[in-house]
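In the two assemblies presented below, subunit A is common to both, partnered first by subunit B and then by subunit C.
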Partner chain A sequence: MLLSVFYKEWLKTRWFVILYTAMGIVAIGYIFMALKHSFNFSGTRSIWSTILFQGNQFYKIFKFIPLAGGIIVAIAQYLPEANDKRIKLTFHLPLGENKALMVMQAFGALSLLVAFFVFLGLIYFLGLIYFPVQMVWDIVLTVLPWSVSGLSAYSIVSFIILEPRWPFRFLYSIVGGLFLSFHFVHAGTACYGPALSGLFLMSLLLITAPLSSGYRFRKG
Partner chain B sequence: MEKLSRYTLMFIAIFVLSIVVPQLYWTAFEVPAKTPFVQYSCVNHDFLIYRPGEKKWQDTKGNEYTRDEYEQRLPLFFFKQLYTSGTLPDSVNNQPLDMRSLSREKSFFRLKTADIDAPKNNLFPMFESRSGRAMLEWPDDFFRITWRIEFIDAATNKILEEKSQMFSAAMFHNGFVFPAKNIWGISSPKKSVDEGYFIVDSRDQLFHLKMVKGKPFVRKIDLPAGLKFRHIDCVDFKNRTFYAYLFSEKNEIYILTQDDYKLMRWPVNGYNPEITDIKIYGDLYNYTVIMESPGEVKAVVLDKNYQYVDSYTETWPVREDTKVGKIFTSVFPAQISLTSDTSKFVSFYFNLSGGFYWLVLNFFLVILQLIWLYWKKKIFRNHVADLVIVSVCGVFGMIAVHLFPNKFYK
Partner chain C sequence: MNNAIECNNLTHYYGSKRIVENLNFQVKEGTILGLLGKNGTGKTTVFNILNGFLRPTDGKCLIFGEDTQCLSPATKSRIGFLIEGHVQYSFMNVKQIEKFYSGFYPKWKPGSFWEIVKKLDVSKNQKISTMSWGQRSQVALGIILAQDPDLLILDDFSMGLDPGYRRLFVDHLREYAKSENKTIFTTSHIIQDMERLIDDVLIIDFNKVMVQSSVSDFLSNFKRFDFELENDDVELDNETLIVNIEKVRNKVELYTYSSERDIRNYLAERSVTPINFSQVTMNLEDAFIGLTRKY
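Up next, the complex of A and B:
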């Protein structure tokens, strides 16, 4: 039954997940292509010095890509279910209502995590071609909170879509939007270190968020 | 499971509210405390204070001056302005003023708490100290110190073995024990000369490392037993008297004199790197150390032999002690900030409100919540956790409880 729900979710979201991951890979490819171009035009030592001492984040176009991924997957997965209350069919599965929702959440979160691991892996290994490991780690530390925002955005948007009452949807959008903004505080390279584990823990806790609105959804 | 979900959402809401609401409050109501600008006058032999909020120029006895009078009493600080307006005196304390020596002896240093609590660099440029060029140039490689010193060519991202071995051997033969605990220097070519780096090794020994004509220059610096440094800031002053300001773990301030490597402790107390921003002004006669902490400014003046001359302290109410601050601590139990004036790191900076007035409000909110439960004919035992949350988190808890209604028991 679990695998069947997973398969149902895969059929529903596969093109969104695949296209989103492909777009992320293209964006990372562009980042390193632009870096190579800067090396050729400005010289490597100049680029290294701006990264090390002037806070040059040449990868900053990656900033909102995980966030967009979280929103896209949540909409692809839950909007069709919320329309005409189709999710009630899922709630009637012998799996149990909460379990069905958690399996759906697990699918969405896992597909995002796979995409983020692909992105981070690409950034890490492509980074190692141009920079020593110390610099690459700093880059990874800088993009990690942006990636965590994607996971949180997924749960928050899922939760808001399933929320049946519009006034609450509005209020939750404000709280959720403010929470997501905490992942994008203006900070230098590798400055998010002390906050990372807390933000990641909260993003994991948030995976259970749709259970609350799902409960109200099925109770009408 | 729904309950777990609800409490998670309430936790997130309380977290968001405790960051955003206080921030909004301070943005709307905070009156900034304008730190007085304190300088030592070599004319009056007293401190002069400029109060930017009131636009007043005073001395410590309360005498008021016009702006021009104030600047004329600080001729070494405002010498460019006085020179421009034609009021620069020919001599001060019976010593003739010479523009060249004024300029040479004038120095300014600033260290903020956030400069200390910040991510550390692991890669540094090793400039050529005697390149023979008028301007310093970025090198083609950058070094890191792990189990040895390694120079990495930026163009190829490969380790330069020969140079790395030469520098590692020189450091090892001078007693350096790898790896390094800290590396301090001016990692920019925008300086008059290069003096390399000051490095603390794994045994807390201090070394001076630079590159002279492509070869390593390593010098071990004698330190008193047990002296450890929290921070070292290299300087590039025109008079070339010392290499750096050094701040010990016991919050003492030292300088390291140029060429003879004498470590000299300044008679300055009261520096706390966790809350104090420090500024040091040097001129022809004095060094003035200004320490700015929340609600306090302390100035200490030393002569050119680094002997204590005078000091001045002024305090004012900190933000929490102002009327606006007291209202804040009565309403909000705590506040969380993601950023801090004292650090460059993003973290969860938690500040519990002082006093107990917020507990009174929390108690009042619990009563309100109880009345609401009674009015809505709710079953009390199903809402005990909500009441606990309101009693602890106050306003934030109250908003969260109603933002995510407890409707699981209908």
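Up next, the complex of A and C:
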């Protein structure tokens, strides 16, 4: 049964997940090509200097890609369910309603996590070509909250789409927007380090938020 | 015979607006019951409560003895559910939707699904979203029949279908239900379809059950007499004898559960001499309109 739910979610989201992953890979590829270009034309010393002493985040174009990915996957997954109240079909499957929703959420979160590890892996290994491990870890720590924002955005958008009443959707959008802004507070390289575990934990907990919308939908 | 569905003292309000109050009915296993009512009389509310998509203000419904607000997966697997408008997963194609649903139902019968689908002019790779309403209805029916459920709950199955597809849907469903001893609870705005399908009828009007009986009993007990009046100023309003009167100038349609003799006696008591008095044979739609009034 769980595999069947995964199959349904895959049919809905596959092109969007692939598109998002490809978008991230292309962006990371572009970041490192531009870096190589800078090394060639401006010299290693100059680039290192801007990174170490001026806080140059040469990978900044990656910042909102995970956020966009989370939003895209949530829309691809839940809009077809909200249209014509198709979620009724899912709730009617011989599977607990909450269990069905959690399996759907698990699918979305897993597909985002796969992309997340692909991106981090690329950033890490491509980074090692140009920088020592300590600097690469700093870069990873800087992009982590941006990557986690994808997971948070996914849960928040799912929560909003499944909510049956527009005033609540509006309220959730405001609160969700505020929470998402925590992932993008202007900070120097690796400054999110101490807050990362808390942010990640909150994002994980948010995965259960659509249970509330699902319950409200079922009880009219 | 056990009850497949049982609703007791069902009451629901939307805000302060009363939709149903103290509604009681049962659907026996192996029967086909049609729920009829005008728009706004609570049919959709009843269906939503039955499917667990609405919590009633008071009272409760049971399906196979379980409260519909928390049906177990085992009980859900015994229920085939058709959403109004034959809504299905339109992003899937025929092959995918069969594969998807087969993973949930232990008694899944692929033959039943493909038997219906092969009658349609569609390929296995055609997406549901590109199909006509009629084709979608058949796919939805195929899914329900392949589940081999003990109870089928069908919300407005005629919606959007042309006469050919409606007939196909109804005939297939009735044949299936009768040969396999299945229970069906359904509603439709097209009462001719209901008459062809159902054994029993439940007619609700604002806040009350007007009829629950077999269709044949209802149509033999509920009568319509047509006649003309010499004087069209006469008021006929005996609530114990007359269920409804539709009067246009001097032409009268009188609906009643009483006998012809009782009606004739009543008219005689009122010094009314009916002209061209006759009993008119009614189908279910005529009887429904006669009972619930045209307006």
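By our rule, the second predicted complex is superposed on the first by the 220 of 220 C-alpha atoms of A that agree within 3 Å, B and C clash if a C-alpha of one lies under 4 Å from a C-alpha of the other, contacts with A are read in each partner's own complex, and residues count from 1 in each chain.
Note that a residue touches a chain if its C-beta (ideal position, glycine included) is under 8 Å from a C-beta of that chain, and two chains touch if they have at least 3 such contacts.
The shown structure was predicted, so the numbers you read here are calculated from the model rather than taken from an experiment.
Following the overlay on subunit A, a side-by-side fit with no clash is recorded for the pair subunit B and subunit C.
Once the two complexes are overlaid on the shared chain, A:94 sits against subunit C while remaining clear of subunit B. Of the two partner chains placed by the overlay, only subunit C lies in contact with A:12; subunit B stays clear of it. Judged by the touch definition given at the top, the superposed model places A:208 against subunit B, while subunit C stays out of reach.
After superposition on the shared chain, subunit A has more residues touched by B, the comparison being subunit B against subunit C.
Once the two complexes are overlaid on the shared chain, A:167 sits clear of subunit B and of subunit C alike.
Using CA centres, the angle subtended at subunit A by subunit B and subunit C is 140 degrees, rounded to a multiple of 10.
By the touch criterion defined above, A:217 reaches subunit C but does not reach subunit B. By the touch criterion stated above, A:86 is placed in contact with subunit C alone, subunit B being left untouched. Judged by the touch definition given at the top, the superposed model places A:4 against subunit C, while subunit B stays out of reach. For the pair subunit B and subunit C, the model built by superposing on chain A gives 7 Å as the shortest CA-CA distance. Within subunit A, the residues touching subunit B in one complex and subunit C in the other are 219.
Put simply, subunit A touches subunit C in their complex at residues 1, 3-4, 7-8, 11-12, 80, 84-86, 88-89, 91-97, 217-220. Of all residues in subunit C, only 48, 51-55, 73-74, 76-77, 79, 81, 83, 85, 87-92, 96, 99-105 touch subunit A in the complex they form.
Residues 44-49, 52-53, 98, 102, 128-132, 134-135, 138, 145, 159, 168, 171-172, 175, 178-179, 182, 185, 187-195, 198, 202, 205-206, 208-212, 215-216, 219 of subunit A are the ones that touch subunit B when the two sit in their complex.
By the touch rule above, subunit B contacts subunit A in their complex via residues 1-2, 4-6, 8-9, 11-13, 15-16, 19-20, 118-119, 121-123, 125, 138-140, 142, 144, 152, 154-155, 157, 187-188, 338-339, 344-348, 403-404, 407-408, 410.
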